[in-house]
Each structure stands twice: as structure tokens, then as C-alpha cells.
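Below is one structure, written out as C-alpha cells, with a few remarks after it.
Each chain gets a letter, A, B, C and D, in the order it is written, and its residues are counted from 1.
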């Protein structure tokens, strides 16, 4: 079989749900055994999962590289910063999350209309271009956004008017990400995903068997954007600070890199990728900071050349199956 | 033409025109097809056959003219909508979803025909109705043996059959078949054609079949249209049409 | 008037110093034992990312600063300094690294953060959560202490503040060109750039209200491969008496090249460059008025006091270049502050100082850093070595001639005044 | 001191005549063009470096940005080492050509050892962009993170005055150099037998057909990559005296080149040149008149073009 080009998404079976359950159990228990900053890292990983899943959907189903996740993370973060920081309107998660969701859905839909006009290289570059437009406007509109200094002193969030402690926020993030993992697993196993794969496989044929190609592409883009919007809100609350750098395309590229490292032929890919990338980033900056670019760059390049989209999870799976055969 | 009066008109095209600069692949063509009417379309390469089919399916927009389906104007309707309303086309070169199994290929079409594009949260395995229908189609088209194989690993003939099966999954009213036998071996050719014609007859479909093999054409249809430079130049029973000198000149060349 | 005020300020300082001396004498009897293991100090410095262009060799220089303290100053309280150096990648990583430094590595103070966003993200968390003495290097403008953490306890900042430097700049410009009528001014387009330009204009207005700012611009900050021709053309068209420029880093190199090629240095009567040097003095131009800041490659290492005479050769030997503006030099200043704070706190209490104690003692300290004497006032270190002079190339190094030193009392906001009040007093200086 | 274009007309100036006014406008307009020249020429070369591979072999390869980075740094180092603060035109051109050869070599080596194992466009895009990080890391280890510069050619070439505008001669040199390279490339593609072979394998032609007709695909691809690498390295070398070489310049180069393809279309030399002018001049005008949009303007132009003409202003649709 021609493995390098195979990007078939496996179906969600019982094993996937059990794995999800085990993962959830681990992240629920883990904070009791680790220090505060490790919990912050864990929380960041959890929060990245929705965004990486957004990239994952576009990559594994539509085969498009989506560098623009930072737009929606930025939107979510800045909405939070304005509402809970600069203008202190509210720090209620139950207001801010839906608000960010609505804003990112609307923006994603509108952007999707024209970004989705082209595919492949052009789609990727357009993602970057639109991201940079947002970045430069946010950066330059100093009086509103605080310019390069960003917005600090974002209040801690409250849930149903109950203020959340750090631990409380961690568990809220946990619930949100696990919820999104479950939701995304369902999406990936629905007829929607089947038809997206058909679109990626052969656009003309898909159209000729009655699949509304444009609308479904836009919907996929919107789902990705909505996921990132949620990430944005919770990241802003986790660090109590936002700066325009969340809008930079390099930041959005991190999610693509995560997806590649994790692998897009397995559902565990985004989760492994998010945690893998964050830990790699963190430990490289503590151990051999000077080699940061070389290590990350070579890792990804080698993964792409050797196993294609399968990533770390693909390598692990192959190893397991080999062991089992023996 | 007597057929048309007995059965209701399915599709009418009125003065369709599509120019690409100097090239005029479709030049003011009018066409009427009734339910259950099977037409074959012949013509030299570049006569505009594929362009005509693409105009009917909506992949290309006409410069002028209009198309009606059951009396309803569908000129500006996008191809996916037309497919749902019953105008379905098979492709000249194989167009199938390489990275999916045969079953998934057909299932995709079944989902689409059922209009389930946006059911985001329902597991595909739980959609019993559609899975049953897919299974039935797979059996109908004799694909049971390769049900779970990846399409990319299958041969030419299989891909053609899968393509046709997907079209039938759409519950078509009219089938536009673009050279179903191109690139397929002699033996498979007849098998595919038989399958296709049986299904068309069984469902009482209208069809336009573009075909190069004149022997096949004679066997297949009661009515043939010859196309040249974007115009219809002859129409009638195959025997009648192919006896015309003009037609022979175009199809076979002046040398003979 | 102001001289009188400044005089009383100095008297207060002296009295305070004497009182502290008395306290030290009283507490000198029963003292706790000092641990002998090395004292860990965390460094969070940019080694990759955009900020890295502004501070080369930050990692090596952090090590060298620690080495200097160990070798020539006898460590902190006799303990050897062991630097733990991490890469400040972005604001989020900086927060995580501060967490690791305090929770895992158990450092006793942290120095670092070059970019404003890291500083702004980290400072509130230090105050609320980690409560560890923190010296931010360069990072952020005064907004940090006025808006973000108004009641700072643990966070200090080493680096020039916009009021001090603007007063020095205005004074220098007026001294060099008393009849100035028109000024063009340019800075990189980020918060600090906007702040300094605003301050300069404000203070110039106080000193000389009839000066007109004919052209003010902000060029993209840290953009790779910048093209400033449009700005330079506009500056020259407006024919200012003085051009004041704040471009630095890679922007600075490009700006100076392009301005020289287009003849700006010849066309404008006086050019005042705040950042006149990089590692090899690529930005320096003959005859241009420049600020010393720290090191900068613009004055020889022997000018300002003894730490510099030893520290600079150490850096040159290891990296081949002079220490650049800001971080490189301020890391040593920061360590000197910490050394003094630890020792003073120990002297005062007799106990091995807690973080709170160290943080408290830091305020009001004065040290002789590699760039001269600086004092910590209101959590902000005074801009040391704030002198302005004309650049002149002597053999291979650039030196400054005709130094204009602005006295401290003229440029340091006394603790009892707000910035606005202080600026209001400035117009009286002229009279 | 130069005559000026005059933004602020002093009070009491007599009303200007009609002819003078139009001359003044012409002069302002020219100043926009002149100030945009360095950016224009560097966009032309970089974008075509990317465009050429995309057009001829249908591959997306972002390695050119890394080669641009190497080109800039090597030119600075070699220039400083051999020429110091002296400058002679011929030796500078020799350095540029040498750097171009180096770029070509790097490009071929990277293609042969790495890029040819990549199978889809998406793979190529991701793998080559992560390769950029490796380039940048290596540069950081060798040259550090502070900007380095070799400005002698830029400073020593002097200035010209055109209609009251001061223009460094180096701008003309840089633009001329890039234009000559593009013309040579166009001549090669459209007037020589080898160019015909290239066009035959390009997106315009038919690769299978070309192979049947005896075009050696390997040689064509190797030369394509060599030319692309050469253009990128020379672009770096030409721009380094103006802006210096600094850590991180490859990102900007990559973005501008990619945007130019979106606006200008695949495989269009004329499109690349015109787009470079549009983007360069738009940057210059917004820098002075509307700073809010200065950074965003290239991206806004690209987005707008994509909405109106999905295949670029001068581009046509290619099926990969």
C-alpha cells in the first residue's frame, strides 16, 4: 500500500473512547503530584488541544495547512482582555466564552468565504496574510489595544459568579478541552467528515454527487476558528496578559507544527502534538536554548520525510504493531 | 421524436452557447430529453460533447441560453444542487475518492443523496438506513468482493464501476455518461456497458451516453446524435444516422 | 528654586544613610550562619526570537557577570553565584520559566526579561504568587510601576526611564545648539518609542516653548530588512535644525546606513543619536551627538569606574565584541545591587535574609556599576552614566568628546514627587 | 543640500503656477518610486526565486528564504574580509556572483538530499519551512544574533539628484542588477532551446510529453533549483549593504515572495515585476501618509486581489 500518501482517518472505536477516558483520568489526578508551573504547562497543553484539533480537521480531512489559528486565538484573547481587563465589564466565563465563540464563528465564516477560494500553497499563504493584517492593525491601534505592551492585569475568571482559583481554572480548562476532544471525535466520525474527505480526494466528483463543496469547506474552517477562539479566552485568563504577538503567524504555525509532530492519521495526534510541542519548547529553552531552531526544525523535517503525516503517534503505532506481530 | 409526446419532458436546453475565444464548443444547441429516453452522442474529439455535458451538470456556465429540468429553470443552479435534483454525470477519466474504501465511496454518495451534509455529531456507523442502502448498492454493482479495499489499489474497471455506483446512489433522473469505456479492456467494456444499461432500464432513467465505439453505439441505443464543431448535424436511429455521407465524413474522415 | 529642593533631597539621603549605619552597628552582635553552598540566581534572557537581535551573547554575558562577582567581589555574602540561564522566548514561556526558577530550581533572585511583554506578563505574577526579588533588565516603560503593579514590592527595574533620559537629551541638545527652532524626531514604532518621543517633546516644551517639531515619525520596529528611505526623504525635506533619533538594533544599523547614504548627516546641522553603537560601532558616525548609555562601544572602557575596566575586557575576550546597550551591562549592575541588598539585609537583621527582606532593602541602594553610580529609587534604577557627547573615531574605537553630563538632581524624579510634578518644576530651571 | 519636494509650504510663498505644481507632483511621485526601488528589486528576485520552481516543476519549495539569509550573511562577511571599507564595483559584482553560485549549490544539495523525498505539496511546504528554522539556527551559531553589515557599496556609490530627489546610486545599481537578471532569465526561457525544454516541462506544458520527447527531467529540475537558489542568494547579497543582515530576515522575505505570487500569478515575470512595484510603492506611500496600514498593506493588497482574481492579476489557472 502506498503509505506515504495515505491519510485515511481511522474510525472512532471503543479503544479511542477508552484512551480518552484514561487520558482524562491522568490529567485529573496529575495536578496533585506536580508543582505550580508544571500545572501551568499542563494547562497550556490542554488549552492548545482545541486549536490543534482545528488544524487537524483542516489537515487530515481537507488537506489544507491552516496557519491562521492565531487570528481566532488573538480575537478570543483580546475580547477577554477588554472585557475582564481594560474595561472590566465582566470576568464571567459563561458570558465570555459564548461571546468569543460567536465572534470567532462570524469572523471565521466571513474569512472562510475568500480564504477558501484557493487551496494548497495559496490557502496557506492567505492564512498567513490575513493573520498579519490582524496583527499589524492590533499592533498599530495603540490607543485601543495598548500597542506592543498589550493588556495586562486581566482579572481572574469567575464561573457562574463564583471566582475561580488557579486550580479551579485548571479544572475548568480540563472540562472544556475534554469536552472538545469528545465533540471533535464525534465530528471526525460523522458523515460530515466523510464528505470532507471526499472533497479533498476529488473536488469535481464531490460536487457532481451533490456535496455542497464551498459551504462544507467554510464550515470546517469555522469549526477550526471556533475552537481557537475558546483557546484564546482561556489562555488569556491563564496568563492574565495578552500582547499582539498572539496574532503573529509564527504563533499560528506552532499549531501546525504540533499537529505534524503529533501526527494526523490518528486521533491521539493533536493531543500528543500539543503536549509534545509545548514540552519540547519549554525544555529546549531551559537546556539548549541556542539550538532551539535547529532541533525543532530538524524534528519536523525528519518526521515529514520519514513517516509523512503519521508523526510520533504513527511511529509508536507501527512499533506496537511490529511487536505484536512478533 | 414521437417518444417525446408520450412521455413527459425531463430536460430541455434552449439555444445553449459556450465560446472560448475563437473556439466554439457549444454553439446554440437546443435539446429535449424525455423520461426514459436514452441518447448516444458521438462526434470527433473536440466536437464539444464534454462541454455540453458540463453545461448540463453546471460545471460550466453557459454564455447564453437556458436549461430547464421538469419545466423549472436551472441555468444558474450550482452543480451540487443539480446533482441532488437528478442530473448526475459520470466522468471520462476516473474520478473516485482514492483514499477511501469502496464502501466509503458509495456511502459518501448515499449520505449526500440523503442530504445529510451537516449532521456533525452522529456516528456514521449508526446511520443504519444509509449503511443498508450502501450495502445494497455494493451488491447490485457486484462490488462485494472489494467492499473494504482501498480504491487506489483497484484496477481501472473497478473504478469505473464505483463511479457509476456512486451516480446511482444519487437516485438520478437523468444520467450523463461521459465515455464509460475509455481506457478499459475489451472484455470489461461490455461488462460495464451491460451493467450500466441494465440499471438504466431497470430504473427507467433518461441518459445521454457519449461513446466512441460505434458498434457499441449501434447496440446500445435507439437514438443517436452526431456532433461537430459545437452543433448537432444529425439525429435519429444509429443505422439511419451512420448511413449519412456527411456523418461518415466527419467520424471516419474523408480518406475513406 | 530647584537647586534648593535638590539640596534638601541630598540632605535627606545623607541622614538616611547615617541612620542606617547606626542600625547596622546595633545589630552587628548576634548573626546567623551563612550557608556555604553557591547561591543560585536565575537569568531569563533572550537567546532566540526577535528580541535576540537586541542582545547578543546574553547567555555568555550572564555567565561572565556571575564570574565577575565571584572573582572580584567575593560572591554574595561570601557565597559563589551560580547562574541558571534560560531562554526568554515569549511572554508565556517567560512566565513558565519564572515558575520553574522559583519552584524547581529554588533560585534566590531572578534577573531578566528584555522585552516589554515578558516583563508585563511576569511582574504581576511575581508580586502575587512567587514573591521573589526580581530585577527586570530594560523591559517595559514606567507603565509597569504606574499602571500594572503600582504597589510593587518585589519587582525592580534596571534601565533608563524615559523622564530621566529625556531631560538629559533635551539639556544636551540645548547646550549644543541653544538657538534650535525646528526639530525632527523619529523612533521605532512600539510603546517605548512612542513614550520617549512624547516625553522628549513634553520636556523640550517646558525648556523652550517655541521649538517646533516639524516631522515626527515612527518606523516599523524590528522589521527584517527595513527600508527607511521614505522617512529619511521627509526628514531632509523638512530641513530641521536638529534630528533626534531613537532607532536601535537591526533597525538602527539600517537607519544609519540609509541616512548616511542619502546625506542626512551632512544636511541636518545637528544629529542627536540616542543609540549610536552596536557591538562593533556600526552605527557610530563622526561628529554626531550621542548618548553613552552603557558601554555601547562608544566610549573606551576605562572612562567610568573600576568594574567596567575589568568587566569589559572579560566580555571582549570571550565574545570578541564590546558589551552592547542595556542587558549585557545591566546584568552586572543587577548582580551588584543584589549583592549589596543581601549583605545589607544580613547586617540589619542578623538573619540570613528572606526574600521579603532583600526586596525591601533593594530600594534606595546605590551601587557603582560598570557604567557608573546608579541608585534604586522607587523601584527604578537611575539611568547611570547618562552623559552625552560628540562621537569621534580614535584609531579603531569610537570615543566621545565634549561630554555633557547632566547632574542627577536635574534628571532624577525625587521619591516624593510624581513625574508630572517634577516635569512642572523643570521650566524653572531655565530661569 | 538638495532641492526639496516641499511638504510644508512656508507662509507668504507666492502662489505657485500650474506647471510648477505638476512638476512638483511628478517629483513627489518619483520620490515614491525611488524610495521603493530597493524593496522592489529584492521582491522581484525573491518572488521569482519561489515562482520559478513552482512554475517549472510544480513544487512548493521555501528553502529559497534560507538561501537568501545565507546570501546576505556571506556577502557581508566576504565583503568585509576582502574589501573592508574600500569598494570597487567589479569586485563587488564578483562577490555577488560567487554568492549566487554558493546559493545555487546549496539549493541543489538541499534538493538532492532532502526535498526530492517529499511527496506532496503540503509535505514540501511544511518540511521546507521547518528547514528554514534550521538555516536560521545555523546562522545564529555562526554569526550570532546582532545585525552585521557591509555598507561600503551603498555608501561609496554616491548619490544622484533627480528632479529634486536625492537617490543613492546603489538603488539604481540594485534595481538594474535585478532587472538584468530577470531579462536574462526571460531570454533564456523564451529564446533558447534549453528554455523551450524548461517551458515544456512547466505547468504550461506537458511533463510526460516532454519526457517522451527526450527532455531529461533530472537536469531540468536541478537547473531550476540552481537558478532559484542563485536568485535568492544574490537578492540577499544585494540588499545586505542597505539594511544589514540580521537574524530573522528570512520570514519577511518568504512572506513578501509568497504574496507576490498571489498577486502576480504563477510563472509571470512581468507580473512579478509589476507586483513588486505595487507592493513597494504602497509601502512607501502608507509609511508616510497612513502609518496605521504600513505593515498591513502588502497583505491587504494580496487579500483583495485574491477575492477579485483568484489566480492573480496576470496569472492563469493551472491544474497541479
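FYI, a residue touches a chain if its C-beta (ideal position, glycine included) is under 8 Å from a C-beta of that chain, and two chains touch if they have at least 3 such contacts.
Please read all numbers here as calculations on a predicted model, not as lab measurements.
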{"item": "Any chain that touches subunit C and subunit A", "value": "D"}
{"item": "Number of hops, subunit B to subunit D, where each hop joins two touching chains", "value": "2"}
{"item": "Core chain by centroid distance, with centroids computed from Cα atoms only", "value": "A"}
{"item": "Centre-of-Cα separation between subunit C and subunit B, whole angstrom", "value": "77"}
{"item": "Centroid distance [mean C-alpha coordinates] between subunit D and subunit C, Å", "value": "38"}
{"item": "Where subunit A and subunit B are represented by their mean Cα positions, the distance between them in whole Å", "value": "42"}
{"item": "Centre distance in Å when subunit A and subunit D are each reduced to the mean of their C-alpha atoms", "value": "33"}
{"item": "Where subunit D touches two or more other chains at once, by residue number", "value": "140, 251, 291, 294-295"}
{"item": "Junction residues of subunit A, two or more chains touched", "value": "5, 140, 290, 292-293"}
{"item": "Subunit B, residues touching no fewer than two other chains", "value": "none"}
{"item": "Every chain pair in contact, whichever chains are involved", "value": "A-B, A-C, A-D, C-D"}
{"item": "Touching residues (chain side subunit A, partner subunit D) in the complex", "value": "4-5, 59, 63-65, 114, 117-118, 120-122, 124-126, 128-130, 132-133, 135-137, 139-141, 249-250, 253, 256-257, 260, 290-301, 304-305, 308-309"}
{"item": "Subunit C contact footprint on subunit A (complex, rising order)", "value": "35-37, 40-41, 44, 140, 142, 146-150, 152-153, 235, 239-241, 243, 245, 281-282, 284-286, 289-290, 292-293"}
{"item": "Touching residues (chain side subunit B, partner subunit A) in the complex", "value": "57, 59, 78-81, 83-84, 88-89, 91, 95-100, 104-105, 107-109, 111-113, 116-125, 127, 130, 150, 152-153, 163, 166-167, 169-170"}
{"item": "Subunit B partner contacts - residues on subunit A that touch it in the complex", "value": "1-2, 5-8, 11-12, 183, 186-187, 189-192, 194-195, 197-198, 200-202, 204-213, 215-216, 219"}
{"item": "Footprint of subunit C on subunit D - complex, ascending", "value": "1-2, 4-8, 31-32, 34-36, 38-39, 42, 140, 144-149, 151, 154-155, 159, 165-166, 168, 170-171, 239, 241-244, 246-253, 283-284, 287-288, 291, 294-295"}
